[in-house]
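Letters are used for the chains, namely A, B, C, D, E and F, taken in the order the chains are written, and counting of residues starts over at 1 for each.
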Amino acid sequence: MLDKMHIEKFIERALEEDMPLGDITTDNLIPEASVSKAKFIAKAPGVLAGIGIAKLVFLKLDPETKFTILIEDGQKVDKGAIIAEVEGNTRALLKAERTALNLLQHLSGIATAANLYVEELSKTGGSNQNCSKAEGSGARIADTRKILPGLRLLDKYAVRAGGARNHRFSLSDGVLIKDNHIKACGSISAAIKKIRALVPHTLKIEVETADLDQVREALDAGADIIMLDNMDTKTMAEAVKIISGKAITEASGNVNLERLSEIASTGVDLISVGAITHSAAALDISMKFI
Amino acid sequence: MLDKMHIEKFIERALEEDMPLGDITTDNLIPEASVSKAKFIAKAPGVLAGIGIAKLVFLKLDPETKFTILIEDGQKVDKGAIIAEVEGNTRALLKAERTALNLLQHLSGIATAANLYVEELSKTGGSNQNCSKAEGSGARIADTRKILPGLRLLDKYAVRAGGARNHRFSLSDGVLIKDNHIKACGSISAAIKKIRALVPHTLKIEVETADLDQVREALDAGADIIMLDNMDTKTMAEAVKIISGKAITEASGNVNLERLSEIASTGVDLISVGAITHSAAALDISMKFI
Amino acid sequence: MLDKMHIEKFIERALEEDMPLGDITTDNLIPEASVSKAKFIAKAPGVLAGIGIAKLVFLKLDPETKFTILIEDGQKVDKGAIIAEVEGNTRALLKAERTALNLLQHLSGIATAANLYVEELSKTGGSNQNCSKAEGSGARIADTRKILPGLRLLDKYAVRAGGARNHRFSLSDGVLIKDNHIKACGSISAAIKKIRALVPHTLKIEVETADLDQVREALDAGADIIMLDNMDTKTMAEAVKIISGKAITEASGNVNLERLSEIASTGVDLISVGAITHSAAALDISMKFI
Amino acid sequence: MLDKMHIEKFIERALEEDMPLGDITTDNLIPEASVSKAKFIAKAPGVLAGIGIAKLVFLKLDPETKFTILIEDGQKVDKGAIIAEVEGNTRALLKAERTALNLLQHLSGIATAANLYVEELSKTGGSNQNCSKAEGSGARIADTRKILPGLRLLDKYAVRAGGARNHRFSLSDGVLIKDNHIKACGSISAAIKKIRALVPHTLKIEVETADLDQVREALDAGADIIMLDNMDTKTMAEAVKIISGKAITEASGNVNLERLSEIASTGVDLISVGAITHSAAALDISMKFI
Amino acid sequence: MLDKMHIEKFIERALEEDMPLGDITTDNLIPEASVSKAKFIAKAPGVLAGIGIAKLVFLKLDPETKFTILIEDGQKVDKGAIIAEVEGNTRALLKAERTALNLLQHLSGIATAANLYVEELSKTGGSNQNCSKAEGSGARIADTRKILPGLRLLDKYAVRAGGARNHRFSLSDGVLIKDNHIKACGSISAAIKKIRALVPHTLKIEVETADLDQVREALDAGADIIMLDNMDTKTMAEAVKIISGKAITEASGNVNLERLSEIASTGVDLISVGAITHSAAALDISMKFI
Amino acid sequence: MLDKMHIEKFIERALEEDMPLGDITTDNLIPEASVSKAKFIAKAPGVLAGIGIAKLVFLKLDPETKFTILIEDGQKVDKGAIIAEVEGNTRALLKAERTALNLLQHLSGIATAANLYVEELSKTGGSNQNCSKAEGSGARIADTRKILPGLRLLDKYAVRAGGARNHRFSLSDGVLIKDNHIKACGSISAAIKKIRALVPHTLKIEVETADLDQVREALDAGADIIMLDNMDTKTMAEAVKIISGKAITEASGNVNLERLSEIASTGVDLISVGAITHSAAALDISMKFI
């Protein structure tokens, strides 16, 4: 699901950053022919993401490494679970260890955080993985662009591994008309009309709205997606009623676990949450030499 | 304090990632000549880091941008504090907004987390910024290599902004002899002897120890720094007594806020904490157009 | 409309390719301080695209160059028209000349070719720049991914300068379900259902169809865009009738100027044409020193 | 004949451009283990160029791909001819398809265009592949620097595949003294004298001339190659007579198929044609899944 | 001992530089299937460095190449010694030849120069490979940052192959307090105190001193390494006596083979010599086809 | 004379290599606003090359730096001569110092070595800067491809600054037919005939010969340049007589200062010397803060 060419370059840069001149301890002390074994062990429960990437880190340093994945991305792990086993050149194992763990812990942290929201939603009426209204009600969790430079594809992948959905990837592949854009064009309808003529017809047009007037204007102007930004629950419910399935609805702003069921109860299609990427704590995973 | 050439390349790549084909909404809807103003406002209390980097993001897109920093990195901010003001080309402001905020929130999150540990330490006898024993007792918080690819220099900078210290930057600029290295060489003393002859004399030699026997062996072998890894408090105190200032001591493993004063009480010089980089939540900061 | 950061890097690489070791004739024979003037003259009629890019080529080599654009991109030029004037360091002018002309001629060639199709359409009922059915009937010309490596953004920009529209930019920012995808999923409906759950909700789902059965299946499955691939005019007209505005329709395959009005008469929304990018002849433009 | 290291990097960049985030349709809908077969079929007659490059595109995405070339570069293909067969991972086949075809069609388009000129020449007395006067008379077709950025080596390769010859590759590896250079040095002879002392002795010195006086001056000054720029046929014939084999002669400017035999009749050694690279239409070739 | 990932990129760039468009002689004249054998022969005595790198140059161009190393890096070679044998694709052999030889000759030149100093030292009391005072007296030769761009890791590797030691690798991984730094901080002691609080505790602090007052001040301030810069032998001896093993001592400036034993007699720990990298003549080695 | 775009990238990489994480001493100890002055002083006599490059190193780190060149490249300097003065930000000065000096000393070392050969030649009949036989007899010194990776353009520039000439820059921009090529083609004449048809007509064809039979064959086959490889003086003189001005002659192999006048006396046009690039000692130049 992740583009291999992209990931391999990413890993190469990561390893170069961590050893611009090699690992001076390992290169000088471990014999070139030495071979070792190690295991990846979960030290806390969570949802796994990035074990395939961790594997590529080891393979990058030594293509002969045997790396056996025991638990796949997207699966839940309990504390103590053995996630993978690795066997190969000791130098390569020692050099890859920290970079692999950093990525695995970070991505699993995001998957775990995303999954927490998804599960919370499912309690309150069921999370719905599909955006077509036809397939039943229920909101879905979506990510945002609140992601650190260089990590976009990986973090978005971890979000999916956690059971949530991706919003646009960048400013280039999705249209989101905000306040400034509306002012510059005079009205929501003028903005939509103008942009529709200029971007590929393959993209939906999303408009950010702050109140019910804007919601109505966006709806009339043919917005494909209407973001309900920082609205209180009552207004949001009203907005969803007004839109009534004629556009996809997205709740955004001030979302947290506590408020989630309330937001979902308004009937919105998507709830976007920055915290699942910008504030997820790493999932504790260790690599133990045997 | 951060190398400008490095940061500018980093920012360039970050912006390219967020708009490989430009910002299709802004480029199509905002007139090229439009000018706007905005403020950066703290929405939660914390320690600031990255405002200078945020400024460079805006300048990268438009060198004419006026960006006035009101609170400097390393300072504490209260909720509601106005951190900076920016005025310039509207397109540039809209394009830079998310990338600048992502970095600023992330780095301030790290500075805030680091500072939490530093302040906790200072309660229990005072944090000591300097590693020379001669200058008084007191432990210091140090970071680790538990940092995501591409963010190393920035995260380490944020750690310093939070009042903590940096450990080695990479596998290339510091020697850390671990279990595998010791086994490969036969003994701690053989490992130290070998490595000292091979790396620049400008580097100190650090050895990871798990028990008091290893501590004694490392000390006898002339280790410059002795890491006390995952030791219980009693053993750690014993180790510090044995070492008795003849090497720098570093506590590592299972460090958290609760245990911090106890660890510090052992007399160790440094306490390294992975969580300040791998699990710091973003500090909530927003950019408001005026 | 074109991302400046991207274009400047493109130009830098172009100039490096044309003079990996400098211009050995000019560097050795023209005094460093020499200054010259030149004009860009159209030697054939067409639609201009790329004059702003040509300007950046000169500015890259000497930021002091005065480059006055007299005719803007998107405008028609007659044979003999003076498009721009340039004045500056002679070395820079001589080095930039060919690279600037190559790009300007190529992009104007594409704009001219695209415009030929747009104008042909407008004769037969009017080209419609906007994809929303609400805004009136009439087909629009769209481009394809039949574009050479490295030139994607520029060629797509030239297409817009010629009055036509862009299709998706890459395999990453648009969904197009083809025969192989349908087979792998069992049915169009299974494919749409699966993909909708996995890609950002900001993207429309396009399905390629070869006959009316597939058209009906795609429509029932909720396709946002239905490509009518290599259909004869009669079948295409039937398909448009069946779809009846419930999805965007796109005619593709065997499109040429002769068949254009016939295709447009079927009522399709978009007609995609590979030839406007892969086979456009360069527009003849020269740079004359004065 | 094409440097493999260069081509592989070129292909890598091309694929990255076409799928910065992967092929979202294929990655999500085609099972990883799926295998397919396809054929490359000429849909119009022409001269082939780039089939080896097309092969490398597939191998880049999956080194296991079986790609059987049935017709080699430089050979003529008839409409309907099967050029190659490919068998391998379906995902790789679908992702490589457009990039491979774009290159193959473009390069074959150039080879076909170049060959058209070469064949036209051969009717009028025979094209001569070798530049040494000793080996008999007859002009040869040469290319120019009218080539798009990034495509230089490939396009020049396609020119050779079409039976024509390459002119200098860049401003760095050939000397061409033009009007501006002559003026700056005072005379052709001063320019030649100066440049000969400054560039490697391995390079021939070419001078662009516009009339017979300049031809004579260039000849007297020891020019190795004399370009007869935009001369009418009579003047060109006169120039060739004057030069009388003491320098290589190159006709340039206003060359087209119609005027070709006339130009060749003057006895020039080389006729350079920009159109074979800047305006060649793609050769229609398709990839059909079986 | 050299990071393979780094070296392979270095070699790739080196080959690209030497054949941006391939080897036009070889690509056009040598059949693709041709196979050859050659030997590397020392044409002068010296210490070898870089034969493993030379091997990688050949493998980069053709992974099938058989390259048998007969003499390892760090060993002495006599005139006429056969260093390695290579067998493989003729084109690859011809293309790799010069790049491989350039590196091998250069690195062996450095190893030979470094070894000359090391051997000279060993005559005068023995060179000591280890920096710990405990292991006996005797100075060691160290390199400097007087190394050309791009060659740092290789040259430093060659220094080690010649039996000498590396100083810091860059301005980023070692602290060296010089005159300007001292002035800016007011005193050596202020400078040391300040820097110790800001750089990783894994780095030793070195101070450059010009006279005995500075030596004393540096010593009192706790400098880990004291550079005795451009001191006459008598002052240097005095300085070593004052320091008396409480810091590592490094002689620097005006070092040459003649003065070496005199400098060593002062008892300094390290003698750094720029000439072994910036002025080492290439060791004459040739590649003979058999 | 050196391509600025190329040099600036080179300098950027050089500085990044020397301070991947900044200059940790200077960044931490020197105030950001501090300003200083320094001079570049020759500490040995020689020919200068690279002062303009040194200037660019400083400007790269701080575009405000005032750098006054007092002696230009190509000029001779005496011991003690002040070459340039620099004034600007102290941090920038300290960071640029070593990189600038490394380049300046290296390039001046090459210019000085090249000039030594040029002057030696001029004693024995005069060096001739121009390759045309018409301009009088006298050999010229030429460089080779014996140049380290990354330094090609700079080293070749320094060769010219020293008064010598450049041979081909790479395997891509010059033809040199050697033993292996001749064998593969059957004869010198077959090789020349084949290559002439395949490379741009702008390149001269050089053939390496080892004896008079090969010289005659190369001459008959129309070689433009004949290399006399490792010939004794008598054979070389014979060869020059046979060639008699019908091709450029180049002496190569076993060239040193002692044998130079003897080689020149044979009447060869060019004498290529690897030592001026691969074994030139750095010219001693220092930067003194005032």
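Everything below uses one rule, namely that a contact is a pair of C-beta atoms (placed from the backbone, for glycine too) under 8 Å apart; a residue touches a chain by one contact, two chains touch by 3 or more.
All values reported here derive from a predicted model rather than from experimental measurement.
J.: Based on which chains touch which, give the shortest step count from chain C to chain F.
T.: Counted as steps through touching chains, the separation is 1.
J.: Same residues or different residues where chain B meets chain F? The copies count as same if more than half of the interface numbers are shared.
T.: Counting shared over all numbers used gives less than one half: different.
J.: CA centre of chain B versus CA centre of chain D: separation in Å?
T.: 54
J.: Where the centres are mean C-alpha positions, what is the separation of chain B from chain E, in Å?
T.: Once rounded, the distance between the two centres reads 32 Å.
J.: Indicate the whole-number Å distance between the mean C-alpha point of chain D and the mean C-alpha point of chain E.
T.: Going by mean C-alpha positions, chain D sits 46 Å from chain E.
J.: At least two other chains touched by the same residue of chain C: list those residues.
T.: 19-22, 28, 169, 172-175, 198-199, 203
J.: If each chain is a node and each touching pair an edge, is that a line, ring, star, complete or other?
T.: Drawn as a graph, the chains match no named shape, so other.
J.: Just spell out which pairs of chains touch, all of them.
T.: Pairs satisfying the touch definition: A-B, A-C, A-D, A-E, B-C, B-E, B-F, C-D, C-F, D-E, D-F, E-F.
J.: Which residues of chain F touch chain D in their complex?
T.: Per the stated touch rule, the residues are 129-132, 134-135, 142, 160, 165-169, 172-175, 193, 196-204, 206, 222, 225, 248, 269-270.
J.: What residues of chain D sit close enough to touch chain C in their complex?
T.: Interface residues on the chain D side: 10, 13-14, 17-26, 28-31, 34, 36, 90, 94-95, 98-99, 101-103, 105-106, 109, 145-152, 170-181, 184-185, 191, 194-195, 198-199, 203, 274-275, 278-279, 281-282, 289.
J.: Residues of chain F touching chain C in their complex?
T.: Result: residues 1-3, 5-6, 153, 169 of chain F touch chain C.
J.: Okay, in this complex, where on chain A does chain E touch?
T.: Interface residues on chain A, with respect to chain E: 12, 15-16, 19-22, 27-28, 61.
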